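Paired with chain B in one complex and with chain C in the other, chain A is shared by the two complexes that follow.
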Partner chain A sequence: MTAVKLAWRNVFRHTRRTVITAAAISVGLSAMILMNSMMNGVDKLASQNIIDYETSHLEIFADGYYREEGVFPLDTIIDNPGLILKKIEQISNVKSVAPRVKFQASISNGIDELPVIGVGVDIKKEKEVFKIVNSVVKGSFLQHEGDVLIGKDLSRDMDLDIGSYLTIITKDRNGTYNAFDLTVSGIINTGHPLFDRNAALISIEQAQELLAIFDGVTELSVRVRDDRNLVRTKERLVQAVGKEYEVYTWRELNAAIFEISGFKRMAQFMIALVVVIIAAVGIINTMLMAVMERIPEIGTLKAMGFNNQGIVKMFVYEGGIIGIFGSLLGCLIGLLLSLYLVHFGIDMSAMFGNADIVYPMKFIIVGEIDYWTVLSVFLFGVFVSVFVTLWPVRKATRLQPVDALRHV
Partner chain B sequence: MVETINLYKDYKVGKVLFPALRGVSVKIEAAEFTAIAGPSGSGKTTLLNIIGCLDVPTKGDVLINGTNTNKLSSKEKATLRKNEIGFVFQTFNLIPVLTAYENVEIPLILLDMTQDKKRENIISILEEVGLGEYINRRPNEMSGGQQQRVAIARALVKNPSMVLADEPTANLDSTTAKEILGLMKELNEKHKTTFIFSTHDQLVMDYAQRIIRLRDGKVVADKTKKSEGPGDSS
Partner chain C sequence: MRDTKSIHVALLILAINTFTFAQTGTEIIERVDDNTVVVSSGYNAKMLVSIGGTVREKRFFGYTEGKKLAYMEFSYPARDKGTRFLKIEDEMWMYLPTVERATKIAGHMLRQSMMGSDFSYDDIVENERLIKLYDIELVGTDSLYGKECFALELTAKVPEVSYYFRKIWVDKDMYVAVKAELYAKSGKLMKEIAISDFKRIGRYKYPTSIRMVNKLRKDTYTELILEDVELDIKIPDRIFTKAYLERK
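On to the complex of A and B.
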């Protein structure tokens, strides 16, 4: 028999109470873990979408081009990408480079007109850097001059199908309005709202003509072989291309999104805190009852020579055991729910409908488990359980042994 | 050896002080088998609690084997109780979730002793109190007499220099009470442990070798028998 074993027996004096308390803890912790997995999943999917469709790993602009997201100035573009392409491709970690021309435009189907982002893509290089080619769900990727690729949401909103005609209108570099008639050659479904709803992809040559920028491109997108040390690759690129260009990682280009994500995490933390407080109140209540109903017993133990420290230890073990139970259970449930999310995901689109969303992903949330978080949540649960036990126990240790013994 | 010197204890009842002990000086030698007798309210429990360091006197001193307990911190008092004093309560005070064996084991949690030695001590004391067959019973599976035997075993297992028992037989029928007293006497003689117990039951008093009578918080008589054993009237 040890103090731990004694505590263990005491835990099972009121099995029901112990189970309820542990359950309260486990509900709190599993909610924390599930939320974390959802957040991670959301971030991972968003990152993947950004890399696969929007920016790739790194982007190179002409110096002064990049001011903020969604602004595409034509006065500071890369006028002659050929000058640096070779240098970029020679860097060992660089897998491929693709030029793009992005511009503000609107498209019209003859009845409605909608603003879009025009994306001129290099038909050959595009496939090596981005995954748009794989996301064509109807028709085919750009093949001829005059082809346009649009997202499935845009095709629905504007009632466009394969073979439909549309007009793309934009202001060229000189401020003159320019328009082309295009034929829809393919419809894409990327999961990235920008491309599914707001973009029109045309060949880079056509975009250059439309904007009167000759061989100019707005950006060079770089896919790397190993994305673990992008900052180093970025440094290499900066060295290679020189001061007339600027280089950004995909993360830097999407700082705003990850700021939102930081905010969400804050919200997640607050919710978790509330849940934990509820669980903590549960265990305080249980331990308070345990202490109160056992005050005469505490007196008996004191009579046998237990000092306050010994009494505190016994109850702390007891709270700890309940905490370990609850936390284990909570982590297990949280993990199982997260695993479900990882394998099946949940479709939140019904909840959000087609509301405009800032996040570069669809509302199908796929979980991503962070095992360090699970471990921290477990330790946190046990710590809180032990910590809050101290308070009720102090009440009992303040009594003289004789008063504890006489207590009814 | 226990000595109380001019012990006073006042209880606060509402705004007034109620004197429960009014100058108690007694000296109890090692291995004595002493009863504290007296009518209800005379201060028996109060005296035993103060001797056992469960309560503090308002005035006066208690010396246990020469140590003045007034000078001890609550932690030091706990250590003194751990090593020197065993308690037996009127209401047995066993821990309900533990078996007889485990209840007896509790005081040993605090002591440095090998697991084997602990086991040996527990089994031997449980056999001495006649519960060799009952070591795995829980308190609610035992009679009052059996529970009090467990409590006595628990008090004695660490081999203390004294056992304090406040009305150990008050919740037992007279036959069982006699058995328990007989057992305590036997253990007192065998282990040379000082036993101090309180009672207002004449039958129980008859077992005592010495009877200290209290009334209204004062010692009114203190008699030591020449011959030992029950049956002698005092």
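On to the complex of A and C.
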């Protein structure tokens, strides 16, 4: 107990020095927490966007369809989705299935032509699997043959509004040009750049006619009831549909994005680590100074019968107290900044420009706090503070009381 | 008796008339092909790309052999200088001097505009004779640019065509196509081509001024003017190779 009391008093002998040392740790830790919240937010939003608008939880293609992202071949499609639809729906974890037809196209407003991804959606099933229906901000969802839904960015770029006409142009399965005049029935705002800027949604029947693929679809999107064990559901799907089809989880289809995200996390962690190391050097410095200036005191304590263990404890506690202060402050600042992110978000679009073309979200970063990370960052801060104290302390334990007392 | 005789004569005249003049659409297109499909060619060309009233000029030269092989190289403006294209059958490659490697133009890239013009790569890649791809019907005559023309309607008879339906107007005297309209399967007019000048070279009447209009855009057209055309010349085989396309 004496050691704790002594440590506590020692900490406040040089308040300013203590505060500066602790603040260095705080800066490092709060940066770690903030970066973590940012990355969590980015990943969560990207995942949500992918699941809610792009792929749902699982996707089924004809065998050989999926080559890489952004390629939409028409030579290997699911010609008769009715054959496997029943089998898929019978799997217990499957909530609902929606067919889609994706194709490369361009749209013209009579003045300019712009490349887009055409998406044919099943008007009834779509809302059971995706959230496009809820993202209509103007007008209404597809209702009649000849309706088209476009994103708000595309509507701005092409100067299109509800009731405007546009022409969708593509080549059908045989390579023959086909083009339909459509009326804009609704404008969507999803937060997913593909759909807000780059896609035109039409009824699946119209897409099938446009592409001359009869009842064919390019994919079946599956929403599950419980997404915690997607891999098992995937295995059951693979068994159910057989070898003529391939099944992917949304994560597999977006592996590249999560790989990027992993690299980013790594890089950000490294930066934060450097800050923490600098802070640690600060602690070493402070503790070393404390040891140096207290050499006569240490001599006195030792002469009075204080053993080495007691000395070590005293300094380690002192480092620990500084560490706890600094870590607490750091976590608090990190949390407050993260909370700001959670509630307000920051618009990074100016910084990233059009980076959202590769990342399935817009760069308004909304934070997502992981409290386990905050706790581990706190413990990490305290541990580092204590650990780096050990070296200066060694010096103190090696002192002979006689030499120390003579030291001026 | 005399009545029947005169009827016979009348029928005979009619029969001869029909025999001489009632050509089918296919025959007309064949005669057009005879006039314009050359063994090989070499040319300098000027391309005037007009977008919203602003005209930009591009220059290139090229060689063709039959309808299957073609080579083009841009020489003006400086930005496009050295951009080359090679077509072999229905495949097309593009070489950009900045990339220093040929890339294949495939799939949906073929739909895109070539060098910002109203021509798509598709329009250039196409190499099959029309009579193999289309049912051709003569639907009447029209007066176009002060010339009497056959009006023909072409409907795809095989699935693998770029344009499902075409209208072509053929000059009655010269047997050359002077105008064509290209339609999508849905019946939407996509492109309009007008040929306003021909050059008589040997047995050919070769189109030298072609105006292409992409009807899906507004206020654009591209005018292609061929100069220094040489026909049925010997072109070294090495020109139509990827190695030549990628040469330094």
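As a convention for this text, the second predicted complex is superposed on the first by the 387 of 408 C-alpha atoms of A that agree within 3 Å, B and C clash if a C-alpha of one lies under 4 Å from a C-alpha of the other, contacts with A are read in each partner's own complex, and residues count from 1 in each chain.
Note that in this section contacts are C-beta pairs under 8 Å (C-beta built on N, C-alpha and C of every residue); 3 or more make two chains touch, one makes a residue touch a chain.
This one's a predicted model, so the numbers in the text were calculated from it and none came from an experiment.
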item: Touching partner for A:I169 - first (chain B), second (chain C), both, neither; value: second
item: Which of chain B and chain C A:W372 touches, first, second, both or neither; value: neither
item: Partner chain(s) touched by A:N178 [first = chain B, second = chain C, both, neither]; value: second
item: Contacts of A:P401 with chain B and chain C, given as first, second, both or neither; value: first
item: Which superposed partner A:Q104 touches (first chain B, second chain C, both, neither); value: second
item: Overlapping contact positions on chain A, where the chain C interface meets the chain B interface; value: none
item: Complex interface listing, chain C residues touching chain A; value: 107-108, 111-112, 156, 159-164, 182, 184-186, 188, 190, 214, 216-219
item: Chain B to chain A touching residues, read off their complex; value: 49, 52-56, 74-75, 78-83, 85-87, 89, 93, 95-98, 102, 105-110, 154
item: Chain B partner contacts - residues on chain A that touch it in the complex; value: 1-3, 6, 9-10, 12-13, 296-297, 299-310, 400-402, 405
item: Of all residues in chain A, those that touch chain C in their complex; value: 104, 106, 108, 110-113, 115, 167, 169-172, 174-181, 210, 212
